[in-house]
Amino acid sequence: MNIAMIGLGKMGGNMARRLARGGATVFGFDVSAATRDQLSGEFANIRTFASVAETIAAMPAPRVVWMMLPHGQISENTLTELKGLLGAGDVVVDGANALYKESQRHGAELAEAGLEFVDAGVSGGVWGLANGYTIMLGGSKEAIAKVQPFVELLAPAADRGWLHCGPVGAGHYTKMVHNGIEYGMMQAFAEGFALLKAKEELELDVAEIAEVWRHGSVVRSWLLDLTADSLAKDKELGELQPFVPDSGEGRWTVLESVELGVPTPVIAGALYARFASRGNDDYGMKLLQMMRNAFGGHALTKK
Amino acid sequence: MNIAMIGLGKMGGNMARRLARGGATVFGFDVSAATRDQLSGEFANIRTFASVAETIAAMPAPRVVWMMLPHGQISENTLTELKGLLGAGDVVVDGANALYKESQRHGAELAEAGLEFVDAGVSGGVWGLANGYTIMLGGSKEAIAKVQPFVELLAPAADRGWLHCGPVGAGHYTKMVHNGIEYGMMQAFAEGFALLKAKEELELDVAEIAEVWRHGSVVRSWLLDLTADSLAKDKELGELQPFVPDSGEGRWTVLESVELGVPTPVIAGALYARFASRGNDDYGMKLLQMMRNAFGGHALTKK
Amino acid sequence: MNIAMIGLGKMGGNMARRLARGGATVFGFDVSAATRDQLSGEFANIRTFASVAETIAAMPAPRVVWMMLPHGQISENTLTELKGLLGAGDVVVDGANALYKESQRHGAELAEAGLEFVDAGVSGGVWGLANGYTIMLGGSKEAIAKVQPFVELLAPAADRGWLHCGPVGAGHYTKMVHNGIEYGMMQAFAEGFALLKAKEELELDVAEIAEVWRHGSVVRSWLLDLTADSLAKDKELGELQPFVPDSGEGRWTVLESVELGVPTPVIAGALYARFASRGNDDYGMKLLQMMRNAFGGHALTKK
Amino acid sequence: MNIAMIGLGKMGGNMARRLARGGATVFGFDVSAATRDQLSGEFANIRTFASVAETIAAMPAPRVVWMMLPHGQISENTLTELKGLLGAGDVVVDGANALYKESQRHGAELAEAGLEFVDAGVSGGVWGLANGYTIMLGGSKEAIAKVQPFVELLAPAADRGWLHCGPVGAGHYTKMVHNGIEYGMMQAFAEGFALLKAKEELELDVAEIAEVWRHGSVVRSWLLDLTADSLAKDKELGELQPFVPDSGEGRWTVLESVELGVPTPVIAGALYARFASRGNDDYGMKLLQMMRNAFGGHALTKK
């Protein structure tokens, strides 16, 4: 059981570890020599290489090549390089977050080159190493059959936590929607805990409340488990900035809602709250102040 | 261990059963004779009575009287009646959903009458009988101490799933926020599954996707467990109307957000989606059509 | 034509001026001696007094007493005082912004005291002196008939810009909805201009665009006129904080939407944007950061 | 002064009329012979032709060719055809709604063919014939100079109501944002009038209220003028379906907000309200019903 893992970062590294633990031989590539050495030092059955070309050259065919790279140019370049290195019967899996339409294009481009392509949505974050990853796959039956043995090692159990969702694109589409839901759930919790915190006269303990909700309540969930753990350590969050990044999937979900004409007020509301947390609404808010002054003579709040 | 349970409906009946199983003697009242007979037939230690007065009269003091009644007039009348029946050292628990401000008023009124009051937010739905209920309590330490033995039977375990949140009102406030979060989570799932369903060309199986997300994904949760079970039985939902009631807690959460000045776009968005599902935005939408016709000459869609 | 004006601030002062210009004799009260002297110095037919009691004592009956006071305690106290000073046939008008339910209570209280009450929603801001005020009235036909001569002076023209909307409460309800719409319109402009500003590569001139939209476009409006004037003077708004107050009417509109079950996503969205501009979502946003770190290992942005 | 008008529909036809009235000679094309005959019958200086090729052949160079066609394939095909018919110094204006990115691509394609391109956002609807159109232009100074004489006839006045916003794309971008604002304003009015209508006990007259707001209020606007006129004729809107189409610009605005990271909760909320009015949230709402039943045993509303 041989698999190439291209990209050994936070996600790819742990996936390599889980595959190695399961008995697979992993041919790993990462741009960082330190990362490569770390992985190959941990597991005898993780072999690392200093280039994609060397990684592929070292593997016997037919090959399964799993990419865990940032979407965008790095991913595009690597796919182009792989087209020149691989041959009929090989499968490329893109396990990073990517826009499903890009994955559909990638699938078509690889098919033209005689290669198979699978888009894999992978959920589980830093806990996937221990708990297993949920894996949502798009591709042909034949291609999925080739990656299935590895997916069974990555998922929480051989028969649970992975799904062949549909044709190429279906894996990343399903993952995109998953993350859209995640945005909405996270924001729902954020709003609720903010309401608990703001009700000062009741002196509610947000950490204790998060904990009690874990047992028997309707909102019990893995996100709540993590929230309770974190709040138990620091319930004031006094060191943090109210500044929330977003990494693409939430945006793609909203774009899709517009394209399909399906209203997603909660997912969009969650995304916009993050945009606003980063000051992206500042000009609009200044304009509102100015308008209030213009029609009502309301005092201005200046810097 | 004696406790009165006033109201033996969907929630109160199951809570009586769970208390009886745990060894408590339950003095139960319900307006429905059939409901009373059902409960007293099931458990020797559930005794039922045809009036609140008879129920209280049969109990030895000091008494814990747990109300599970619809909020509003029935609940108000029963509290008034209980003031006349109970004496010093007795505790009334309101375990139904109620606006925390009303509970604070009830607490003050009972205190004037020399009685103690506890507001209890109870979560767990129809599954609480088997799994236990999350219980969020507001009241004095003394009052909570009196209800604790019963709460320990109702919760998933004696030391888990219940919390003394704060003074009177804190239980129902915490439950209100819990339900607000629930609204947001439910809507997040609804939007996500709608996006899966609408992407017709990918022919995604929403039931299989719900199931796979239960294993290792970030959105795993009890609501997802229930959703997966339901979709496994019927994934088209073809018999249902797109008509979603709301029962007060979501509204109260939004009112509170306005009062506190804390933005809750996701919870409000979830509530408004339910309002719209019931046609409550029809006049506004007709007006939009009319406006489009007036400025742009766009054709009208008539009945 | 005699009228008392209780409160001579930004709104009340200009309304007194417009009434005096129209030929009415105004009996004015304000807590500020400087304000009183200013008004009585400007117009021979504005007489000012150092207390409400003196104001009323100086007026011949039957009296029309128009209050322009901040809603809340000052307004409540003045109504109580007026009940003791006025007599049958006198009318009290509350022309300030007030929750219509409070106005309905005030109307009932004054009716018990044999007095008439009119709630008047007044729109027009600092421009009302020159342009006239839109006035929305709630009250009995008899009461409205008594205030009509004054309302005709305040409105843009005797037969335009004022309306007897319905019974007591109808004036403030209509004004509340007016302001809710205003919140939505203002936010729509704020979002649009923010999108223009953010599209840096097109180097759009927001001031010129605001001006061109005033001529023939679908969004032409008085708010746009004011916006264009302000942007012509300062299109960067660099001195302003992105910090937007709200003064009650927007909140009341959202509360009413919840009570009526009518979805108002745009009005609520506009209100919440203001809440967020003031940092009221900070705790929630910190929690989101913390959650992202907990499940995905994403780096924290600290202070 | 010669200009070609390609597309003589609701917008293009009236623009041809306004140009002809202003003294321009219009070379008009439309697929409909009836439309062509109508226009050429009305004005001696509107000449119509049965094909784009004939239209262009009849015009002396240098030419200004103004397209008013539905965006998408028809527009693309016509641009391709025009590339073959026009020569150096000719300008093509796209005056229909189009995604600014498409217009930027069109500009680049025409530039390669040695032609100039102007994207023109045109606002004013069916009222533009009488009142003039707001026109927002993107293109080079040279190209704008060539279309300026015609734009001055189309705008409300020669020096008002038109703007050279920036390079190619800037006209359609500005128009897109204009329409996004329009969506938000329309929804704000729709929500407000729905709140007036829903408050049944006050028996408010929405037509009279719309009319009074036109005089002196903060929300006075052209959209309100139209609304008041329409409600004066029919305030119940009983014949209309609560079904609101959308025609692209609102969607593009939301897509842009996501791309730029600028929150637009009001514009997105307005768009989503339209989506929901068409039943596009039905599956999600059914799912919510099902979930409520699953956790709380709430009764289902079936067809």
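Assorted remarks:
As written, the chain order gives the labels A, B, C and D, with residue 1 at the start of each chain.
Heads up, the rule we're going with is that a contact is a pair of C-beta atoms (placed from the backbone, for glycine too) under 8 Å apart; a residue touches a chain by one contact, two chains touch by 3 or more.
Predicted, not measured: the structure shown is a model, and the values here were computed from it.
Annotation: B-D is the more contact-rich of the chain pairs A-D and B-D, by number of C-beta pairs in contact. Put simply, the chain farthest from chain D by mean CA position is B. Looking at which positions face the partner, chain A and chain C present mostly the same ones, since more than half of the interface numbers are shared. The mean-CA centres of chain A and chain D are about 39 angstrom from one another, to the nearest whole unit. Per-chain Cα centroids separate chain B from chain D by 48 Å.
Of all residues in chain C, those touching 2 or more other chains are 125, 187, 189, 191, 194, 198, 218, 222-223, 257, 260-265, 269, 272-273, 276, 280-281, 284, 295, listed in ascending order. Against chain A, in their complex, chain C makes its touches with residues 10, 125-127, 186-187, 189-191, 193-194, 197-198, 222-223, 226-227, 229-230, 234, 237, 239-245, 265, 273-274, 276-277, 279-298, 300-303. Chain A contributes residues 123-125, 128, 131-134, 136, 155-157, 160-163, 165-167, 169-170, 173-174, 177-185, 187-189, 191-192, 194-196, 198-199, 202-205, 208-209, 211-213, 215-224, 253, 256-257, 260-267, 269-270, 272-273 to its touches with chain B in the complex.
Residues of chain B touching chain C in their complex: 218, 251, 254-255, 257-265, 268-269, 271-273, 275-276, 278, 280-281, 284, 295.
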